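Order as written gives the chain letters A, B, C and D; numbering starts at 1 within each chain.
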Amino acid sequence: MDELTALLASTIRNATPLAFAALGGLFSERSGVINIGLEGMMLISAFAGVAGAQGSGSTVFGLLVALAVGLLFGLVHAVASITFEADQIISGIAINLLALGGTGLLMVLFFGSGGTSPRIEPFSRIDIPLLADIPIVGAIFSQSVLVYLLYALVPITWWVLYRSRFGLRLRAVGEVPEAVDTAGVNVFRLRYIGVGLSGMLAGLGGAFLSMSLLSAFTEGMTNGRGFIALAALIFGRWNPVGAFAAALLFGFAQAVVFRGGIGFTVPQEFIEMFPYLLVIVALVGFGGRAVPPAASGQPYRKE
Amino acid sequence: MRTPKLLAALFALALLLAACGGGDEGESSGSSDASEPAAATSEAAGGASEAGSEGGTSSTDASDVMAAMVTDVGGLGDQSFNDSANAGLERAASELGAQKNVLESGAPTDYVNNLTQLAQNNFSPIFAVGFLMTDAVTEVAPQFPDQSFAIIDSVVEEPNVASLTFREEQGSYLAGVAAGLMTQEDTEFTNPDDKTVGFLGGLEGPLIKKFEAGYTAGVQSVCEDCEVLVEYAGTTPEAFNDPAAGQEIALRLNDRGADIIYHASGATGAGLFEAANDRQFFAIGVDSDQAAVNPGIPILTSMLKRVDNAVFQTVEQFANDEFPGGEVQTFGLAEDGVGLAPFGEFSDLVPSEVTDAVDQARQDIIDGNVEVPTEPQQ
Amino acid sequence: MLEMRGVTKAFGSTVANDSIDLELRKGEIHGLLGENGAGKSTLVKILYGLYKADEGEIYIDGEPAGITTPSDAVDRGIGMVHQHFMLVPTLSVAENVVLGAEPGQGPRLDIAAAERAVRDLSERYGLRVDPTANVGHLSVGVQQRVEVLKTLYRDARILVLDEPTAVLTPQETDELFTVLRGFVDEGLSIILITHKLGELLGVSDRITVIRDGKVVDTVVTSETDEAELARLMVGREVVLQVAKEDVEAGDVRMEASDLIVDGASGEAVSGVGLEIRSGEILGVAGVDGNGQVELAEALAGVRQPRSGRIELAGEDVTALDSAAMRARGLAYVPEDRGGKGLVGEFTLAENFVLKTYRRSMFSKIGWLLRNAIRAFARRRIDAFDVRPPNPQASAASLSGGNQQKVIVARELAGEPDVLIANQPTRGVDVGAIEFIHGQLLEQRERGAAILLISLELDEIRQLADRIAVMYDGRIVGEIDAADATDEQLGLWMAGRGGPDEDQPTGDDRVRS
Amino acid sequence: MSGDEIEEVDEAEGRRSIGEILREQVVAAGRALIFPAVALAIALLVGVVVILITGNSVIEAYAALLRGGFGSRQALGRTISNATPLIFTGLAVAIPFRGGLFNIGGEGQLFIGAIAGVWIGLTMPGPGPLVAFVAIIVAGLAGWIWGAIPGLLKIWGAHEVITTIMLNFIGINLTFWLAKNPLSGEGAVPGTGFVPEGVRLTRLGGGLGAAHYGFVLGIVAAIVAYILIWRTTKGYELRTVGQAPGAARYAGMSVAANSFLAIALGGMFAGLGGGLESLGTFGKVSVPFISNLGFNGIGVALLGRNHPAGVVLGAIFFGGLAAGAQQMQFSTGVPLDLADVLLAIVLLFVTATKLVEYLLGRRARTFAAGTRLEKGLAG
């Protein structure tokens, strides 16, 4: 395998969990709910997928469990921040902590001890006939089924956001929830759906880590990817295509680090700072500010 | 606005029920004497561990040895020295009837606290598992001069501390011999045309360098023109806990021709196994027989680090009043402290010359004919 | 057509609506008249399903309407134009109009159909709007049209307009009323909410007056007059004309020339010059959003002008900040009580020294003298009869009128030479309005120079000695109060008839 | 110039009786405790479920939790030792919060402070106490700088919630690089070398274990923070900017300068906490170093209603919980992770305005003051 192909393949592997979670963040933040809890939702779903697959012997069932648990954590965030009007940032931080402690506890309960879970049968790689044989770009078409799902989800998310009724309402509710309410649409339900979807998509990202990229759960295995996903979302300006592109960029940066493409003249610590620095640069300069949906961060309260 | 109210009510109700249930349960099962922590713990530790039934024997055999260990932040389940040390304690509990307690550490601040906690409750010997606890043992041990401590993988010069270190380079040397020979074989996992092998380390540091040095020396002893590619997973503690990074690095090493990759990177190694499985090349495990717990994955063998033996032996010495306080105990091939796991699942692919060469190397080291370096030779 | 019976709604201990009965007939424009805080908005919010009534029933065509959500209201044919527009600035006109009732099959949004529908409606009802325009870029008057289109798109038969004229010039108001009469001819029924009783006389068929949450009376418009409505609304005979002493205007106290000030979205004040004299009230009229806020803030030192010059008693103070201006005898009552005038979570005492906390009387070497601050607050509270009279009470816990009194009490402390008051009576009850008007006149008699900015033309005409009209960042006309007519002022407010005859109109951004 | 003369006031008029003040304080404290109490109650109830699932006795486990946190001198020592850095990271959140900013960057600021303190401790010659003093000052200064960065970025339009999160990762990586390269020391544990014994902070003694005088400094810091925020004109400006930026502009205060000051001050406190932790508890910066103190500081601050006194109490509570969880692990075998779960649930509900409203009625809404910033990310 030549270096370029390998680099591309590595980029996609690294970008996939980021992109799933970034798309998840998009649904939440477009609905007006900040989601700092992406990291936690990824982590708990990564665990749930493996536990589900272990318990049932079916990887697909495990994925469903991961989705369900992602949804559940999304709903916890929703109940706290939408219904109970807790601070969205605090609630997100709490979700992260809950996932960290929760997976630690559940590892002991399910598998007897913490650390790394037993292996499961992961989603296997599928080569798309003909396309996978193209030099270099063939790597795009030699991936696990979850990656193809991601390829599909990016345009679908775009379509949903900009070409569907739900998308119109979602875009509106993140900006001026009062307008949506007076138009006869339930603001709370919209936000619940947005945050719920967010949890499921972040869950997919986590499941990809533990069930496709790898085939076991390791405590703390998300290792900050949820935050990088958040960064990708901002860098991509709350747009699905932009977020995907940003995830690819960060994935590429990681691939370069892992593959030693720059010859390690720069200490690795500095390379690891790169995505975070990029976000700050993006926020400050590079064609103006990144403006989040106007109502994000504020609970909606009638009366 | 009815839904949220209902939700709140349900939520409160659920919690209330849970609370009531909890109270009842607590009273009925709260039979063990909470004021006697040692008694309560042996029970709890036994219940929590998989080998709970074995722990039960401790109550019949009234031994006065109360052995305990503190894990480092890796915790139980690391499939490495923490688990191995725990296994040693288990064995001590079942064979010697010692009581045991295991405290996990959530943060570096916990090291001192956990050690102190155990010492104050009269546990002895107390094992501090991992070099990360060096400073903590140095601090706590002098405060409890009448009790015995042991530290794994490091040296603490206190009269009541036994330092248990391992000659990882010796075991790694054997792994290197196997790798250097096998890479020249033509199997479904190896390509004889490219005499390249790899090493994947976790966080770069003196300890892991010992693995690298021994492995490289071993490879070169049987294959002078073999190349050993060396990569480390990172420079932060997460380097031991990032399987995704491990996979990426393993794939890269494989891309560059390495068909056998040895790792010393904790949980990160799980990524190596993924890559080996995906690309069908050989991995070599570390610390415990990782092939045994990962069936189907092309793991050639594993370098064994018998922390369990060391722990068991030390408890035994303590029970016999022979505790090696103030001494540095070195566990090498000769002491059965390190070794190489048998070529299990894939032994059919391993020619007898390889097995012989490994045995020969082991004997040479034990006899002192071969001196294995502890630092990578440039 | 529509009947509300015994509608009651309480917020905590305050009863906003007390057993209200209201009846709307088919094809009528029904005025709902009341002071600020009388309960008008609460009532229509109940009607629209935004609030839930504690008691009472709503009937449409004799049937119980059972409205609990806005979508119920929409289903029953009720459309509402809110006082604060319910528009999403980042979306297009068509997207805003169809939001919640989108055309399309399945989940798909048919944006072309939406734009077509908007175009059809706007032609049919004579409400010119470009369906593809971004709402955030539209002028206020056009945004209101979008709001009306939203209700028409939903086939509203009953249209509720909450204070629709607050943001319009007299001419735009007339236009709106013409459109509304057209609606009535099409068979719609309209509830028109306002606190400006004059407006209703021209356009409505019947008027229901509410006061303190109760219906006072429902009268037929043709059988009543302004004086009766005023009496019903306030509950006592009101002197509609404020008694104003003659005061000879003195020296120029404050002067501004060629002032250019930037607002949130570009230039807001484009070359304003004015002078305010001792013993004189200069009224600035104009529709909201024509640069009044930025002008006031620039004069008060809160906002740094881009260019131009401001003089206070002959001294160049252009570069000075608000605290420095205060020290030179300038007082400023901002238009936004909650956001600018007061800090809600602070105590009244803390609020009383918002601009004077650095004075040696209230702090020494950076150390707050809390006892002195409290004592000062206690005096001002007594002098202005602020309730509750507790300096430790948080500002947020006070009623709007009392909050405004706190601001005025603070600003008038120490007898300022110049007072800039931007909408000092916005959203407060009549008692507080009378009190504040009295204070302004008292200051005028004392010899202070006063700049009064208001969106209420009536208020300006009652109080001001001279009237300037702002439009699009400029002063387009200035006239002695005695010579002013509503027509003239209205034309200026619409940007017409001023010195710049070729000024673009409010619809300039609409290309349909 | 008549506007300058506001009538003279008699200070005595503004003086209040002790009883009046006391009554007010008690009522305020009672109200302030409602939110934390509700959140805590929920957390403990969830804890009951978890303990039952792990097959342990609830009473025993909670008894151990309490005993491990406050049951003995050693327990108290552990609690104090845990609480010390949390007081600082709590203040690092509370003070910017009063200025209207949400500082999630305590973690990175603490690391930077820790490494800066050790740098001085390792390299500066001179008598120990003097070096320690300078080291602590420099730690605070380094934290100030690290906190000032998001302050500056805020002025340029980047929201501090995002930038502080990003700066955490950057600060931690930078610290590790410094600890392993220019400042790397001998020894088995990777990281810097130990600072000389004389530079390390004195322990409190009295059987309190590792607890050192940093705790006393923490109390002092809280008092200083209180005075700064509530008794000085600077604090008055800061609070005005935090609660009503429009009013601050109206009053001629600089919103940008005060926002900057608020978060830089926050960074300073986190940096001080880091310096005390590295110089006091550990004597070095190891890799790995303590983690999550910055994030837990957010919980501490919110539990303490972003008031210095509350922060101290919240830190002691968090510290006690961590110490108690250890005892619980020892005595009953309930996994350590339970403490994280309990904290998470406290956090989840400590700002849940509406929940408290459901439980206690609408009046409870006014008790929410000090727990939230009303503006969103776009603000």
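Heads up, the rule we're going with is that contacts are C-beta pairs under 8 Å (C-beta built on N, C-alpha and C of every residue); 3 or more make two chains touch, one makes a residue touch a chain.
As the structure is a computational prediction, the values presented were derived from the model and not from experiment.
Asker: Give the chain pair, either B-D or A-B, that is connected by more C-beta contacts.
Answerer: B-D
Asker: Can you work out the whole-Å distance between the CA centroids of chain A and chain B?
Answerer: That pair's centroid distance is 33 Å.
Asker: Report, in whole Å, the distance between the mean C-alpha point of chain B and the mean C-alpha point of chain D.
Answerer: The mean C-alpha positions of chain B and chain D differ by 36 Å.
Asker: From the mean C-alpha coordinate of chain A to that of chain C, what's the distance rounded to whole Å?
Answerer: The computed centroid separation for chain A versus chain C comes out at 45 Å.
Asker: Quick check: how many Å separate the C-alpha centres of chain B and chain C?
Answerer: So the centre of chain B lies 73 Å away from the centre of chain C.
Asker: By the touch rule stated above, which residues of chain C touch at least two different other chains?
Answerer: Residue numbers touching two or more other chains: none in chain C.
Asker: Among all residues of chain B, which ones touch two or more of the remaining chains?
Answerer: If we look for residues of chain B contacting two or more partner chains, we find 1, 4, 8, 48, 104, 235-236.
Asker: Specify, in ascending order, the residues of chain A that touch 2 or more different other chains.
Answerer: If we look for residues of chain A contacting two or more partner chains, we find 83-84, 108, 114, 267, 269, 272, 294, 302.
Asker: For this entry, which pairs of chains touch?
Answerer: A-B, A-C, A-D, B-D, C-D
Asker: Going by the contact rule at the top, pick out the chain C residues touching chain D in the complex.
Answerer: Its residues touching chain D are 12, 300-303, 321-332, 334, 336, 338-346, 349-350, 354-359, 361, 363, 366-379, 391-392, 397, 413-417.
Asker: Under the touch definition given earlier, write down the residues of chain B that touch chain A in their complex.
Answerer: Where chain B meets chain A, its residues are 1, 3-4, 7-8, 48-50, 74-79, 83, 104, 231, 234-236, 238, 241-245, 247-249, 251-252, 255, 267, 270-271, 274, 278, 293-294, 297.
Asker: Which residues of chain A touch chain B once you look at their complex with the stated criterion?
Answerer: Touch residues, chain A against chain B: 1, 3, 6, 10, 13-14, 79, 83-84, 107-108, 111-116, 118-119, 122, 125, 188, 209, 213-216, 218-221, 223, 254-255, 258-260, 267-269, 272, 302.
Asker: Per the contact definition, I'd like the list of chain C residues that touch chain A in the complex.
Answerer: Counting only chain C, the residues touching chain A are 11, 48, 50-51, 69-75, 80, 82, 84, 86-91, 95-96, 98-102, 104, 107-109, 111, 150.
Asker: Spell out the residues on chain A that touch chain C in their complex, using ranges where they run on.
Answerer: Per the stated touch rule, the residues are 160, 163-169, 171-172, 175-176, 178-186, 294, 302-303.
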